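Below, chain A partners chain B and then partners chain C, in two separate complexes.
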Partner chain A sequence: MSALKIKGLSLVRADGVTLVDNVDLALAPGETLGIVGESGSGKSLTLRAILGILPAGITATGEIACTARTAMVFQEPATALNPTMRAGDLVARVWRRHHPGRSKADALTAATELFEQVGIDRAADRLRAWPHELSGGMRQRVMIAAALAAEPEVLLCDEPTTALDVRVQAQILDLLRDLVARRSMAMIFVSHDLAVVASVSERLLVMRRGEVVETGVLTEVLAAPAHEYTAELLAANLGRRLKSESRESRESRESSESLGSVTR
Partner chain B sequence: MKGPKLWIGAGVVGLYVLAAILAPWIAPHDPLAQDVVAALQGPSAAHLLGTDELGRDQLSRILMAARIDLPVAALATLLPCLLGTALGVICGYFGGWFDAIVMRISDLLQAFPMYILMIVLVFSLGPGVRSLLISFTAVGWVVYARLVRAEVLRIRQTEYVTAAITAGFGAPRVIVRHVLPNTLRQTLIYLTSDLVFAVTALAAFSFLGFGIQQPTPEWGSMIAAAQPYITTQALLTVVPGLVITVLALGFALLGDALQERKRA
Partner chain C sequence: MSALLEIENVTVSFGRRKHAITAVDNVTLHVEKGSATGIVGESGSGKSTLMRTVLGLNRPQAGSVRFRGAELGARRDLATRRAMQMVFQDPGTTLNPARTVGSTLAEMLRVHRVVPAERVDARVGELLDLVHLPAEIREARPHRLSGGQKQRVAIARALALEPELLIADEATSALDVIVQAGVLDLLAELRASTGVTLICISHDLDLVRYLCDTAVVMRHGRIVEQGPVAELFAAPSDPYTAELIAAAPTLPGSTEESVR
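After this line comes the complex of A and B, so read on.
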């Protein structure tokens, strides 16, 4: 049984250009899948197709079978939070939407707990904060809290760390890894950055120009990439990232110890 | 950031509102009490601003007129604002045939000079507050609708609206909680400058005899009534004219200050 299954998904723009071509994908409950690919490879669109929030003018064909509750974390925490709504209100509203009949007081208690779970300290105070009063990392934590308020079985992440600086990025990745393990959620994590995807995924799916070029267990794909594009991505990442990654993750682990995160 | 404009503008408008509220208590005479023997007198201790052609106390009439001019001007901007905002939100959010029809009607209305259209409407509906408000609303909604529609089109694309939709909120919820609050600032800025127009247009209509009728004290009609005596008792026309000008200036400063604050 799978929580989410996509068969032969194609997305075509109004002018006839194929953006996503015949993508198959299956996600077991509790599994973490990373989708990696360059800009325009169709990875974000695939994610949006699952939620049914494709931009206007794109037609989808194929099958998407999704029985699980889903929630999404967006790329840009600066624009993904309504500037006229307090952080806690947002989380409380989403929670109430998914727990009909419960009181506003219950929702606020739940929002406080969610804030604590995503590592927002002084949670009770921060409930009243406006988005512009929060840092990028804090905003992304609020977004994750709002997504968790829907109690998703599948968490969809659309480049949630791309807009953050490297240190905060590592903290958010730790947090996601931790949450997925604790709540036994499934997760699809989309990024152009192989190193980021590799740090949170069990399985890997490589996309290029709307097509899946390779898929498999992460460690196997990294050890022996079957497609030359995967090898290219890997080589590009190795040179650039591995040196800085080891240094950054050491620092971030020190600074995120207070979050009680599981280490790699 | 908060320059003198904001305080002067707010001070002037606040003073007028205060005068309107307190008018029945601070007006020295009954604004409708005639004393033909004491007609057309200059300023004196008994009548600080003199008397008009029917011997009514000019100061009392100017103070009491604020109770007519201010609320009518406020309604004459609020009603078009409400109608225009409602239409603009529906057009911007849902688009489709409704949007097309509303936008073509607004094209049509904007092709005519605004004043002429309003005069025609008031003329055919007959003088009075009701027909003034109808004609202000019928013509004035266009700008609000376009303004709000453009804002909604922008906000619709933001991730926080997508996020709200994926969190399972329906269109009414998304519109009221996420879209509308973010259009308010633009609308408020325009509304303040629109008040300048409403105040002067209301006085102009009453001056022309289409608006508020004698003997009800109203600044525009007071100017019209005092016109024949402009060479002997110039104050009778000058003071109501100044009163209108200063109020319009107050609103203009306020609107300017808000516009600047937005840019800052």
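After this line comes the complex of A and C, so read on.
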């Protein structure tokens, strides 16, 4: 049983250029999958194809079987939020769409609860806030609350932390990890940053130029990448480079004694 | 070692009176000749404003900037401007789209009379070689180039003037990770081969650890901590620095005490 299954998905632009080529993907209920790839690798388009919100002029072929309810969180919360709508109204409106027949008051109560769940303090006050009054991290929390209002079984995240400062990014990643565990949601998390993807995913899928080059259990792929492109991505990670360098320099220092201290 | 750049008690603010925002607040920073300094901080911490002030693009409300021992005023001669060069974040918007790569580089050499007129052509070739770009690229216009190639052209353009100080402002943030690693290696190599003093502005702590020997942490326009990279990262003395280090995502297996 899988919540989402994609078979042979290809996306072709009007001028005949293939943007996504024969992608297979399966997501079990409650599973977290990370998709990593460079700009132009087709990772965001694949997510959009799942939701059926492809940009105009792109033709999709292949099968997407999705029995689960899905919702998406986008990269740039400033443009994803409606600037003329109060944050709480936006979340309440999404909630009402997915709970037909319920009153506006119920929706606002639900929105308050959702705000609390995504870690917005003074939730009841913040319902009345306009998007421009909120910080980048707060806006992204509102977007996540709006996505949760649809009670998704699969949460799709398209670079949700790329526009945020590193400390805010860490908070949002913690929040997503926590929500996925608490609601036993499945999640697909797309990013160009392997370290970010790795921090929230059990399984990893590596894309390049529209194709899936490698997929597998995260820890196994990181320990022994099968494809040379994955190996290249790992080698480009500065944290890894620093580690191997510090080992080298420690070894060389041991052999040749100190090279002199750093001058200030 | 002597200080190439001395920033003393510099304050920069924007807006006036009630709406004034102090972007840089009484900052003092000395940069040694030949060193590589990394300035880290979140958006709005004042790191870019500080460097723009060094270049003379912003006027400080207070404090002074000395370069090679001489105080820099609002008006600067050609030689001073030539000695400090900056590479910006987005190479797509800093290169002239109408000019070929060759003519962009040649223009710099001619305006600043870096080499005699008959040597300009040959020097353009050398510069492309220096940043590991193929000679054919000389005839290409920016739209034909990849992001990494454009940033290499921007670096070549800065180096054309043989600057003593090269400031890279988030120079690799817009690049894909593999391309970024290539550009960082290029900067390290150029520092070793030309002896240029490097200041890197970045929000990426790993980048600073990788490329620099001194780290400066900025927050709300102030320097909260500075010191040798190895010491600062091993034992940050300021809680904010510690928070930044803890927040940076790491790959399992990339730190000594391997996560999870």
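Assume the second predicted complex is superposed on the first by the 237 of 264 C-alpha atoms of A that agree within 3 Å, B and C clash if a C-alpha of one lies under 4 Å from a C-alpha of the other, contacts with A are read in each partner's own complex, and residues count from 1 in each chain.
Criterion: a residue touches a chain if its C-beta (ideal position, glycine included) is under 8 Å from a C-beta of that chain, and two chains touch if they have at least 3 such contacts.
None of these values were measured; they are calculated from a predicted model.
Using the contact criterion defined above for the overlaid structures, shared-chain residue A:Thr84 touches chain B, although it does not reach chain C.
By the touch criterion defined above, A:Leu194 lies against chain C but remains apart from chain B after alignment on the C-alpha atoms of chain A.
In the overlay built on the shared chain, the residue A:Ser184 is in contact with neither chain B nor chain C. Touched residues of chain A were counted for both chain B and chain C, and C has more of them. In the three-chain superposition model, chain A touches chain B and chain C at no common residue. By the touch rule above, chain B contacts chain A in their complex via residues 158-169, 177-178, 181-182, 184.
Those residues of chain A that touch chain C in the shared complex are 38-39, 165-167, 169-170, 173, 192-196, 198-199, 218-219, 222-223, 232-243, 262-264. Considering their complex, residues 1, 32, 42-43, 176-178, 180-181, 184, 203-207, 209-210, 213-214, 227-231, 243-244, 246-256 of chain C touch chain A. Per the touch definition, chain A reaches chain B in the complex via residues 51, 53, 70-72, 74-76, 79-85, 93-94, 97-98, 143, 146, 150.
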